[in-house]
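Just below sit the structures, each encoded as structure tokens.
Shared chain: chain A. Partners: chain B in the first complex, chain C in the second.
Now for the complex of A and B:
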């Protein structure tokens, strides 16, 4: 469900993001762009966190907390 | 992104920001600003200071204190050689700070028996102390009279009190009269001293001139704090100088000084002032010219009185920094980012009126989002700033707040948390602790526990067992 919803978002390489369903625009930072791309591809929250930890050399604990928080942010913004 | 590929990419917390009108730059992209970065304080790395002395940490820079004082003193001395500089103890009465100002040639301006004792304990002779304030306890007045301190009269009752003490000691008290006045600035400070416009100051001066127990030496005023109006000092100097001459004319005594107090602003950002401090705050030369030109014009045909000044904030604010760290982060229900810092309003008394500059100890990029900074107190009011734009920060990230050198380390509260250490970066680059971090013994040092309430851990255990059975 989350994947379907996120796939509707239009994003560019600068992190600019447009939600055609609401007309709202967003700006993503670099880490958020990476996470959004993985979630759009259908990675689970846990898989995305593992990738984030490996890619940036951070603890899995921090990666999981940040992934969870990012999804929370998407919900608060009415995206997810 | 591959799990097997190790990367050295700098990690930033993921964040998404809804774009609105105010966040757009003229080309349509989100506004790209950055938060200023400070990696050193007084040439000592912030990371080293925090590692060695902990966080939060107040840091003062000796070079800045001395440079500020010299530049201010030079401006006044050049325009008016007969200037005496007092250091306002209440602004920051840490011993090391006061000692630096005294070494630079400042005398002490104190406003309580506690501050008087601090100045004397630092070795300053009584006759190098100006004793101001609305309440001076009897024993403090006795000591000040004996030690020939200059006492500034705040009320008529205080004149009687000083006369009585001086008579009982068979000594002459050295006094000046504090005068308040309308300088066109709102709010008018009218609670200290006696009023100029109503004639109360002149009446009190006549009373002082008649007294056999009092040596009436001069006049004092202090028109406000963080005074952005130079014109107010011109008006104050005109009024106090005219009163000076009138007193001499009507009583026949000779006065020898005019004390214009302080109130000169620092480069802090006063809340409610739209312009940046660099624009809003006049230079010290402008204040100096306003005061000294007026005095020189008024006393053009006679010897100039000594000019005394009692600056505080202007001299110390920019020499003080507060290092604080992010201890946790959360999202507020309105999607704003919130951070809990290890320093809060308990340490930043002045944050009620002033908004310091927030710097980071390293670049975190230009993706800025609305953020709220909370302090560590379990109190809803502990909000350090609620309208900041910050990059997403990780736990442990350090922020450096400045200027915070004025009033914070005197007005901070012993409340819930221990107060942090205060260090001084010396001229040599060595860092000295000038106030240790508080501990339980220091905080509880003055408490007394009645013997019957002094329960040991053992008695708590026994109580628990009794209850259980």
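Now for the complex of A and C:
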């Protein structure tokens, strides 16, 4: 995970996300907002999944799957 | 300074002239601005709130003699000190005869003929090798037969059919490609380029070279939406270190003199250069509005003044074009139409 690329992403409370490197804009759902916030704070993928499970009251397996899917999306968009 | 600016065609396929004038006005860099127009319908002709006087110019195809005669008249009547030519098709004439313009008392700040040729679409692949930057797979063709041979050699569709000066169409089969080849060749001549699409997002940079290898400022953007002709409608400023570095390398390597635009495709892994325009792009006002006024800096270079080479600008600034209407009397149109 390229921490500095994550730190560059600008977000607001409505889930709007702007990548200043590429000019791409994204609309994040609540799950993605939490994951991005935690990853930007330097949490590992497994720590972010644990926090996600606690925040949304879902199983750790489901949270890990959501986290992996989100990481894949970041990679597909050249962010991670 | 009294300045002539061409590219008054602020249409759906906009020329850079009006945005250049707007940049100069806002910087108070020129106290008299003359528009050099090729068409009585050009919207810039009627923008008396920006432009002091407009002259109808002979088409570049009429050659230097007709252009120099017209410019001598402009000089005599409006006493311009400098010209900023903004259109690809007129640049070869202005570049070739920049010494003669200087003798007329008209300054320019343009690349040399050699520099201009380096970035031509036919030669860009060689420059890309020198700059160590990717270039899409491209084939030059001069006839429909060569296009058919290309199609019969196992090449995949789609492919961009591009003119040497203007126009690029994506085509999905031979019939479409032949149609676009014929259309572009009729308007802009040969050769035509067949260029494989490069996956990724387009990013662009406007810059200004000082002619000695230095970069006098640049701004990078991403086009968020474009018109059917591929012209920017909305865009956003970005911070793209690889693109900035490419611009620095380009001006250092070529000692580029004057404005330029880099058109690139950014994929997650790499960046490819697809085109270098030897002039300001029509979105140049975007750069001026975020604090990097390159037309103003261009006039400073012409006057041998020290130039601010700062390229720090806010990232995430949003640009949106809009349409606007002006109403004047038909006699104004007749005046332009009959003066050509």
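Just so it is clear, the second predicted complex is superposed on the first by the 79 of 80 C-alpha atoms of A that agree within 3 Å, B and C clash if a C-alpha of one lies under 4 Å from a C-alpha of the other, contacts with A are read in each partner's own complex, and residues count from 1 in each chain.
Note that in this section a contact is a pair of C-beta atoms (placed from the backbone, for glycine too) under 8 Å apart; a residue touches a chain by one contact, two chains touch by 3 or more.
Remember, it's a predicted structure, so these values are computed and weren't measured experimentally.
Asks: Just from the overlay, do chain B and chain C fit on chain A, or is there a clash?
Replies: In the arrangement built by aligning on chain A, the partners chain C and chain B fit side by side.
Asks: So after the superposition, what angle do chain B and chain C open up at chain A's Cα centre, nearest 10 degrees?
Replies: It works out to roughly 90 degrees.
Asks: Go through the superposed model and pick first if A:10 touches only chain B, second if only chain C, both, or neither.
Replies: Once the two structures are laid over each other on A, A:10 reaches chain C alone.
Asks: So, A:66: does it touch chain B (first), chain C (second), both, or neither?
Replies: In the superposition, A:66 contacts chain B only.
Asks: Of chain B and chain C, which one touches more residues of chain A?
Replies: Of chain B and chain C, B contacts more residues of chain A.
Asks: So, A:31: does it touch chain B (first), chain C (second), both, or neither?
Replies: So A:31 only meets chain B here.
Asks: So in the superposed three-chain picture, is A:21 touching just chain B, just chain C, both, or none of them (first/second/both/neither)?
Replies: After superposing on A, A:21 lies in contact with chain C but is clear of chain B.
Asks: Does the superposition put A:77 against chain B (first), chain C (second), both, or neither?
Replies: Both partners, chain B and chain C.
Asks: For the superposed arrangement, tell me the lowest C-alpha distance between chain B and chain C in Å.
Replies: So the smallest C-alpha gap separating chain B from chain C comes to 6 Å.
Asks: Can you give me the overlap between the chain B contact set and the chain C contact set on chain A?
Replies: Comparing the two interfaces on chain A, one with chain B and one with chain C, the shared residues are 24-25, 76-77.
Asks: For a test of understanding, state which residues of chain A touch chain B in their complex under the given definition.
Replies: Against chain B, chain A makes touches at 14-17, 24-32, 34-35, 37-38, 50-52, 54-58, 62, 66-67, 69-70, 72-74, 76-77, 79.
Asks: Using the touch definition from the top, list the residues of chain B that touch chain A in their complex.
Replies: 1-19, 23, 29-30, 331, 333-335, 365, 367, 391-392, 394
Asks: Using the touch definition up top, name the residues of chain A that touch chain C in the complex.
Replies: My answer: residues 8, 10, 18, 20-25, 75-78.
Asks: Name, in rising order, each residue of chain C that touches chain A in their complex.
Replies: For this pair, the touching residues of chain C are 201, 203, 221-222, 224, 235-241, 266-269, 315-316.
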